[in-house]
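Heads up, the next two complexes both have chain A, just with different partners, chain B and then chain C.
Our next item is the complex of A and B:
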């Protein structure tokens, strides 16, 4: 019954898009409502934090500089490690095994782990009178670079893995490997590397968790403080405006580069990686990759103490652990289902521009602002909304990420194959299930995994919206880090990392088994 | 110029080539033919150094360039190559794609050479375009120009006229023959089109 199936497909799409529009649109509406309730220019506290003075602008510039440094160092190191690892004999296989588990550990957890390690190192230096002290901006920068390194390696690996190997081979006929790197590989992979660098810049700019551990004031923290200190949401919104403008401008640049980079990549690159790197270089890259995985784990395991202490710390955080798991799993499923609808809205139809604008705005919005928008709506709707707020906050922040990934997956699908399916399919559902889904499932799974990882590590919005008794594990971890309970911090950091690593390993095993069966 | 001795290639447990022997003299043209999947492209990849041999030896100008587990890197073999697909680098213009092969040439030499190969292949008006703005036939002309530009003594061509209409194929073949008449490079040309073999009027090697 093609008519019924087509109607069902349309109904599901409209339902998904309507739900996404409500979940993404209401926080924005909530921020607008702020200005109807607050006389922002006449009230003292709000007026004093208008971002017009020298201090806020100076802080914004310092924060932008900090984030640029983090993005540049992380991307450079990530590119060098990915290049070296791919040049090893079994480098591609090693990367495809080691990277997904590393990537699924939330960036904030990586950051907290590395921050813990740096603090431990400082402590050790003090006790043994060794003049090693990494503090302030340098320590925050180092911790963030290391936290973003798996993402940077992932981006660099993707940019290289997507290159058409035949183009590299044909270059190798004419010129030396060095010339091939500089004239062919780097320019072709460069755009995606630049997009990755931009993404790291944005994520770093809107994060305050790691800098705050080293008593470094960044602009994102200023927004949080503006709301926490005065309870004036309008002040926080106005404080956030310059940063949002900066983020929106960066996003336009990044998206333009992303669209241009589509032309440079092959739909299905095949064959082995043709560029071999020197043995010492590949070895060093693989060692660094291993250290990236092992060093924080070893440090956390050492800090966690004995098994009973470790289990006691986990037992005492049991409710937070369960909340984190529930919130992140629900977010992952919804981000995928609604993300598919949003991605289709971004591709076709009359509202393409509106979908892009909505998704980009939400992605650009600092976490505390998302929370403020949600709270404004929830306060008007009533107490019944409270249990949903953590999931809503995660969705409002990470549904755009899911939608971006789904959009990229749909764009990369071979249109010829889909057209062939249109000719032969019984109805839309038949074509979608038998052809489109098998072609896209891997990417869609990635969208869910990315949303899960991000939701598992969400802090900025959860801190404001989590109702009493619904605190997440990351909130507990963050609070403990400030109180200095190092054993418990190490235990929870280790537990969360092991949890994410386990999920990552499962994901990797699933992907590999599917790859093998599809090859067979 | 080129000599293959007892050349064989295995991919895992699958033997795709065994005991291939032939010689190609300086300035000689040979066509390499055989049924689909018999390993014609693999022979070219072995000669160009993109694949390692499993058995046998390959010599160029009397020098050993490949044996099992060892091979001179592709760029040191000084060959020109046209692949089955044009394989043009999308971020470079037509000029950039051709000039990439002219490493070590002075600017004036490069300009003169570019003009010459553009004339052979009819690309003079297209030099500043990017590959995405070229038709299939034009892209193949660029691939041919890139292979001929560095004036190599051995040029390999792997079905360079596939999927072209008869008129475009003939004009490209004429360009190849004109370049060969002027520069007398050795040419190993893979095809299974009898008309192309007839036009080339060369020794036929069968796998």
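Our next item is the complex of A and C:
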């Protein structure tokens, strides 16, 4: 019954797009409602909140420059490390083992750890009269680059793993590996790298905790302090507006650059990685990767104390751990399913521009504003929405990430192959499941994994929408950090990392079995 | 024709098809590839490589997703009386007290905790955003400024003012909108291995004293939390001009400005700072850890140290008003306050005044700043300090 199945496929797509439009659009509508409920624009405080004048604009530009530097350096370093690691024997297996534990620990915790390490090194240097001191913007940039490095390596690895190996093999017949990197690999991996760079830019722009450790003030602090001084949500929206516009503009520029590489997309990523890097280079990349993994793991293991203390810390945080896992798992699955619908909306149809605008706006919106928008809607909808709010908040924040990755995956699928499948498929659903999904599953898996990791570390929105009596692991971690319970923080961080290490092992085993069966 | 092709595909266990440059359709199977008319046979590894043997079960995935979505709504739904409390008091201190209330009354407590990163504004933000449909019954704050602002915005409900019996008049609202509960102070935490007792700082003015290198002394950014309350109190007691000049000198001198009081504490404990201005609860945590630190109350021979007291209030439109009143009554008990002091959450009882404590055996002289004056000074202080420190 091809007609029925086609109708089902269409129905599923419409349902996914409708759900995504509601989940992404309503928080924006909620923020508009804030303006109707406030006298902010007719009151005196407007002048103190509106980001006008030399100081806020200068701050915004400096913050943007800082975040661009962080995104560029992290992406560049991540790309070089991923390239070097993939060029080594068993490099892919090492990456799939090392990255999940690094990615699952929230970026903010990474940032605080690296910032503390830099401050301690500075202190050591001061005591031993070593003239090298890293302070101010440079120190803040270094700490953030190191914090975002796992994410950057993950993005670069994804983009490289999705490349058409045959093209690379062909290119390497004529040119050196270095030329292949700059002329073939970088443009082909451009779209995914651009999305990753945009994500790092956004995360860096909305964080003030790491810069403020080095006495560097950024625009995110301005938003927070403006709100803190006025208590008007509308004021926070107005203050955040220039930053959101800046992020949207940057996304358009970056993605437009990424689209230029679209013509080079083809799909045959299977097979071994053809570009072997020089031994010293691969060795250095793997050593760096090992250090990135080992330093936090060793410090966590040392801080976790004895086994009874370790297990007690996990037992104490059991309910928060379960809530976090539940919310992030549901977010990951829904971000993938709805992300597919949104990505198709971004590619085809009459509402392409609207989908892009919606996704970019949500991607650029600071977390507390997303939560305030959701609460405005939930206030009107009634109490039944309360249990869904944490997932909704995570989806509103990270569905755009899932959609961007799905979009990149769909863009690079071999259209010829899909068209050929059209000839023989029983119906559209059959073709999608038997041809399109097998071609795209790696990328889709990455979309779900990215959403899961981001949702697990979400704080800004969860804090405002978590139902009473339910708390997430990150909220508990932050409370423990403030209290100085470093043993419990280390235990929980270690437990998360071990969990992710297990997931990495599973992933490696899965990829290995796929490889074996496709060669059989 | 289409039916023939489909049967053909089923019989041959076709996994994928592809059209080559000549327009011939190729079928990929486990055994190799061939064209539709079976004229030619070939082993094309490329096509086989793209064939993925995974047979996804989409409907199962969809059902799993729906099940997960339903799971997201799962929570403990227990019948019976309950009370929702939003608290910025650290979870390690507030949780045992709330469990004690549950044991005593049988009323289930559903708490929402704040984090240091939100600088005590997180839950106040939430209360403002939930104004149309309040979910919270009680707001238990670890300072007073946000509570006073919520009252100003009409978000608090009045309780029985008699609950404030025994609390000094300026530490509770005469109409019963809020009540003071436990107090802490702004103090210097000094690293004793780096600073000799004779060189301990004695006054806030020592933050500008050239005998202490600016990069080795610190304080939290005075825009949030108790650091902001302290700054507003200085604006209220010594006037805007003098206070602005003081903070401008701190900024221009290069005193280390951290993002929070706990960071100041950690920097002092690790020896990166000689001393820093922080709260007594943070300082006490370092003392209890056995760190080489001493706590010094500033300005004891002049205006006194800034004392910040916690507050508890009922939310306007609270869904469980009776339970909320019971919880407020429980929190305001002298025994509860003593328990919070024992655990290290607060260092002074409001009922007993700023008398002798373990931390300050001789007692503490407190700055004379009324909460209402501090609240009035806050907008100017916040605006000016933002211009000084966020640039």
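The criterion applied here is as follows: the second predicted complex is superposed on the first by the 341 of 520 C-alpha atoms of A that agree within 3 Å, B and C clash if a C-alpha of one lies under 4 Å from a C-alpha of the other, contacts with A are read in each partner's own complex, and residues count from 1 in each chain.
Following the convention adopted for this analysis, a contact is a pair of C-beta atoms (placed from the backbone, for glycine too) under 8 Å apart; a residue touches a chain by one contact, two chains touch by 3 or more.
A quick note: this is a predicted structure, and the numbers were derived from the prediction, not measured.
Touch check for A:418: first (chain B), second (chain C), both, or neither?
After superposing on A, A:418 lies clear of both chain B and chain C.
Under the stated touch criterion, which partner chain does A:213 make contact with: chain B (first), chain C (second), both, or neither?
second
Could you tell me if A:80 is touching chain B, chain C, both of them or neither one (first, second, both, neither)?
neither
When the two structures are overlaid on chain A, which partner does A:330 contact: first (chain B), second (chain C), both, or neither?
second
Which one hits more chain A residues, chain B or chain C?
Of chain B and chain C, the partner in contact with more residues of chain A is C.
Which partner chains sit in contact with A:166 here, chain B, chain C, both or neither? Use first/second/both/neither.
Touch partners of A:166: chain B and chain C.
Starting from the residues of chain A touching chain B, keep only those that also touch chain C in the other complex, and list them.
166
Would you mind writing out the residues of chain C in touch with chain A in their complex?
On the chain C side, the touching residues are 5-6, 9, 14-19, 25, 46, 48-56, 58, 61-62, 64-65, 68-69, 71-76, 84-86, 90-92, 109-119, 121-122, 124-126, 128-133, 135-136, 149, 153, 221, 223-224, 228, 256-260, 262-263, 265-267, 270-272, 285-286, 289, 378-379, 382-383, 386-387, 389-391.
Enumerate the contact residues on chain A facing chain B in the complex.
Listed in rising order, the residues of chain A that touch chain B are 164, 166-167, 169-177, 179, 183-184, 187-188, 263-264, 274.
Which residues of chain B touch chain A once you look at their complex with the stated criterion?
Within the complex, chain B touches chain A at residues 48, 50, 73-75, 77, 79-81, 83, 85, 87-91, 100-101, 103, 132, 146, 150.
Under the definition above, what is the set of chain A residues touching chain C in their complex?
Contact set of chain A toward chain C: 12, 45, 48, 55, 58-59, 108, 116, 119-120, 122-123, 166, 208-209, 212-213, 215, 217, 221-222, 224-229, 231, 233, 267-268, 270-271, 326-327, 329-330, 333-334, 337, 368, 371-372, 375-376, 378-380, 382-383, 386-388, 390-391, 416-417, 419-421, 423-424, 426, 429, 433-435, 437-439, 441, 459, 463-464, 466-471, 475-476, 478-485, 514, 517-518.
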